[in-house]
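Presented sequentially are two complexes of chain A, the first with chain B as partner and the second with chain C.
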Partner chain A sequence: MIELLNVHKTFNQGKPNEHVAIRDVTLAIASRRITVLKGPSGSGKTTLLSILGGMARPTAGRILLFGREITSLPERFLTEIRRGTFGFIFQHFNLVMGISVLENVMLPAYPRGESHLLLRQRALALLKMFGLAARSAAPVEGLSGGEMQRVAIARALINDPQVIIADEPTAHLDTGLSAEFMEQMARLREEGKTIIMASHDPLVCEAAIVNRVVEMRDGRLSAAGVLP
Partner chain B sequence: MIFHPDVIALLTGSLLTGAMLIYAAFFALMILRRWDLASGSELQVSLERRTYLIATFMAFVCTFQMLSLFLFIKTADGLSVLFSGAMCAAGTLNLNGFGYPTLIMKLLTFVLAGLWLIVNHTDNQGYDYPLIRVKYRLLLATAPLLVIEAALQTGYFLSFQPNVITSCCGSLFGAEGNGAAATLNDLPVFPLLLALVVALALIVASGIYFIWYGRCGDLFAAFVIVLTEVVVQWGFFFAPKSHCDILFSTAARSIAQTVAAAPVFPLLTALAIAFALTLACGGYLLGYGRGGGLFAAFSTATLAWGCIALISAISVYIYALPTHHCPFCILHREYGYIGYILWGTLLCGGVAGLGVGALQPFRGIDSLTTALPAIQRRLTRTAMIFYGAFGGVTLWQIMISKLI
Partner chain C sequence: MGSIEKQRSIIDFTLASLLRRKGKNAAFLAVYTLVVFSLASVMFFSQALRKEAVALLADAPELVVQRMVAGRHDLIPLSYVEKIRDIRGVRAVRGRLWGYYYDSLSGANYTLLVPEGFTWGAGNIAVGQGVARSSMAVKGDVMPFRTYDGRLARLRVAGVLPSSTELVSSDLILLSAEDFRILFGVPRRVATDLSVEVANPAEISTIARKIAMMLPDTRPIAREEILRTYDAVFNWRSGILLLILSGALLAFIIFAWDKAAGLSSEERKEIGILKAIGWDTGDVLAMKLWEGASVSLTAFLAGVILAYLHVFTTSAILFEPVLKGWSVLYPKFRLTPYIDLAQLAALFFLTVVPYAVATIIPAWRAATVDPDAVMRG
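Presenting the complex of A and B:
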């Protein structure tokens, strides 16, 4: 269970270009479910995902992760939680160019200081699971959009996180690849992962596998509220 | 004022650290008044963020403060060639009424800055800011002293009179004089060295014991204070003049004279009682399997005894002159800058040892259950290494001395 309590986020506070991205959001997200944050551009979905995943801190409010308050944690403790609990799939995938597919997948686990051999084996197993074993040594520049996305998913799973956070994951995919992505998310949910996505793509928001849709507008949960 | 690079560096450093301290002190007040980890208010979240900034630059301030002690002495020593009568820092510091008070304040702030760094490091190991109020209270206690020290230092450098003929270290720290140093010098050499060796042995023994068992006793905190008070501020107990006279008199010699009025026998009796109490309680605590507080107490004792012995007994072996006790001449090139090693190891060992005791009351905090004993063990090892180096170098200097 992830609980947000009166979360508020303001950028450039006190300056002429001050922008309030999140306004007093209180929300509970169930574990082992797929939750989608739905809303137009600028509604605060990405900001809320960043705060949820510990990549940004709120201006006010608290977040409880499995009962533990995480927003007040000093940076080194928050980093440890971010690294071990969350796996991120970014809108533009954010793969590191110039290195191989395998190295991209292994990258988030390097700070944990695991045995390189074990890490490599785990990364190869993930690539095999996503049908990319043959491409493990290839540089990421040569991958197709679908392959890039699967590498991004494999990378998000390398530290075996409990929560997968995906920001507009289907924005650069065609219908077939989007459907394939949603199937992969359904499989991860069955494995016990909690999945939180931000999207305004109907293929995501209206997918049967989604357990809950949270509508946002202007930084607030919309009047329509939380569905279902 | 003399436009010497070291003087400018010290004054600029003091100005910058003073400004940062004032800012940090205001923040510390806000932390003490408004900190509430249970709240998710905008103010609380803002305090949580800003404490990183404050703690980071305070760490730089404290590190600079510790280094500035040695820079100050080196500067005073280097300026001695410009003044008639001065042979080393002893004479230069005697040029006006600010020199020795500045040195005393720098020694005090050296210890406090070291303790602040230790408390801050420990606080950073806990996920819930376990020592945040402690470290900001300590900051508030240290900040005025640092500001006073900066003011004294500025006064010292701005009050140089080129026509003043100062005293040389021979008269200030001569055994035949009646100054404070002279009183220390009159202490018998053999018992002092014996006391130092015993203190070092106890430090090493209790350090090994503490690292092995990782347990401490709170009872010793009181005796640490007693020892520190008696040994470091002994002049204040017996001095017939007021404290202000001691700190702000116009000549270092008057400080020496004031402190020298202290009768030696009551001082030594007080020291002996404090030491006996420490040892007795040490035995009691050892029986119950505790050693951290013991270690902190003996570290303090070693620091105090080491300072006295260095001036009174060890220096004569280094100079190979039974009548010369200057604590500054050993910083010169002709003595291989050995004074920096001796004073540095002694002070750093003292700070690390005191740090073990300073952290002792916080061993029960949940978020520090694992980290704090490990930090105490590291500090213990650090103190033992520094004191071991001090003892080794002292022994080496005595063995190669022409007095042997």
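Presenting the complex of A and C:
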């Protein structure tokens, strides 16, 4: 369970280009559910996703992760929590070019200091699960959009996080690949993962597997609907 | 164990990252190595030469007395020998005969010296390797000399000096006192200068002062002063070379600073990705530190090893003319390997540390941004 209490986020505070991205948001995200933050561009979805995932700190308000306050933890501890709890899938995949698929998947686990051999085996198992075992040694720039998306998901799962955070995950995928992505998310939920996505794609927001859609506009929650 | 595995993984990634920009990094490494090579070569060479000179001068007399006429070195009367010998603390005084001879056939200047206890006898000479090469003389040959009054003197080469002493004996011809006096017309009652042996080294300066007072037309020179002059000459020559190299060095520093200090947008984005997927600032800095260390240590080691080979196996073939002096008779010799660890450490700190620091600062700046910059960017 992740809770946000009266969260505000202002960029460039006190400067002429000050911008308020999130205004007084209070929200509770249930575990083992798929939650979608929906809204037009500039509504604050991505910023809220960053705050939920411990990537950005709120200007005001509190964040509770499984009942523990993490708002003002020093960077090192916050990074450690983020690394162990969250897996991120970015809109532009954000893979590191020039290195292999396998290395990309292993990257988030390097700072944990586990045995290289075990880590490699785990990464290969994930790639096999996503049908990419044969491409493990290939450099990522040669992959198709769908393959890159799957590498990004495998990378998000390498540290076995409880929560998957995906920002506009279908923005660069066609209908077929988008549907495939949603199926993978459904499977991960069955495995006990909590999934939070930001999207304005109807294929995501209206998908049957989504438990809850939180609508946003101008940095506020405009409505919150709970689907079965 | 965990932290070793962690560093191992980070090093793996760093090396894989470096290999991505193979051409650029290889070119940089080559220039970096060249700079270390040049600096280390000058350092090794001048150090070894100085060391050699000190070792050779160890056998030189503690004090040499020259006669001065109108501010110039002149022949010294042997009657001074007795006067100096009477000074308390002087163990022995000897007249020395030496001079220079220009050989118009080979266009070279030879140093002619009458050694103490010349065993080959009158009419014979022993020559250095350089003289043997330039005049194509071997043992048993006769070398022609023109005396001071234009007559021809024929001296037989009775021996060639060993190559181990070549740095100082290359242009040397050893001969008997009689032949020397005939060749240059030096009268029997004078010598080139006097060598003075002093029983107690602490008294050298006192004795030198006494000689100067007793014989005002003389100039006593202590061995320490000669060593200082050698030092100054070697320092001056390596200084000239360093000055020439400093242009290249400056260009390299600007190039290295630019390369290390400016992160490309691609590198900046990568740091953002690493932070977003769970690396903290320390991990990113460790990666950059490994990157800087691997590049600069490789260049340092390669440069130093190449310089060592260059100086001690090829006798510094590239810097030869500047460091050894300009002469027809280049001595051919192999320097005794000698490395001053303090200087090597200085070179290390001047080349490796600035580069490592230059890599770290911009990475630190990039790594302290919020990880969500990647989400927003």
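As a working rule, the second predicted complex is superposed on the first by the 222 of 228 C-alpha atoms of A that agree within 3 Å, B and C clash if a C-alpha of one lies under 4 Å from a C-alpha of the other, contacts with A are read in each partner's own complex, and residues count from 1 in each chain.
Operating definition for what follows: a contact is a pair of C-beta atoms (placed from the backbone, for glycine too) under 8 Å apart; a residue touches a chain by one contact, two chains touch by 3 or more.
Note that the structure is predicted; figures quoted are calculated from it, not measured.
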Clash or fit (per the criteria above) of chain B with chain C on chain A: fit
Chain B versus chain C as contact partner of A:8, first or second or both or neither: first
First, second, both or neither for A:96, with chain B first and chain C second: second
Which of chain B and chain C A:215 touches, first, second, both or neither: neither
Of chain C and chain B, partner touching more chain A residues: C
Chain C, chain A and chain B - angle at the middle CA centre, rounded to the nearest 10 degrees: 50
Partner chain in contact with A:75 - chain B first, chain C second, else both or neither: both
Contacts of A:112 with chain B and chain C, given as first, second, both or neither: second
Partner chain(s) touched by A:58 [first = chain B, second = chain C, both, neither]: first
Minimum distance between Cα atoms of chain B and chain C in the superposition (Å): 12
Overlap of chain C and chain B interfaces on chain A (superposed complexes): 57, 75-76
Chain A - residues contacting chain C, complex: 46-47, 49-50, 55-57, 75-76, 79-80, 82-83, 88, 90-91, 94-99, 103, 106-116, 119, 155, 159, 167
Residues on chain A engaged by chain B in the complex (per definition of touch): 5-6, 8, 57-62, 71-77
Partner chain A, residues of chain C touching it in the complex: 1-6, 8-10, 12-13, 16-17, 20, 266, 270, 273-283, 370-372, 374-376
Touching residues on chain B, where the partner in the complex is chain A: 37, 40-42, 44-45, 48-49, 52, 124, 127-129
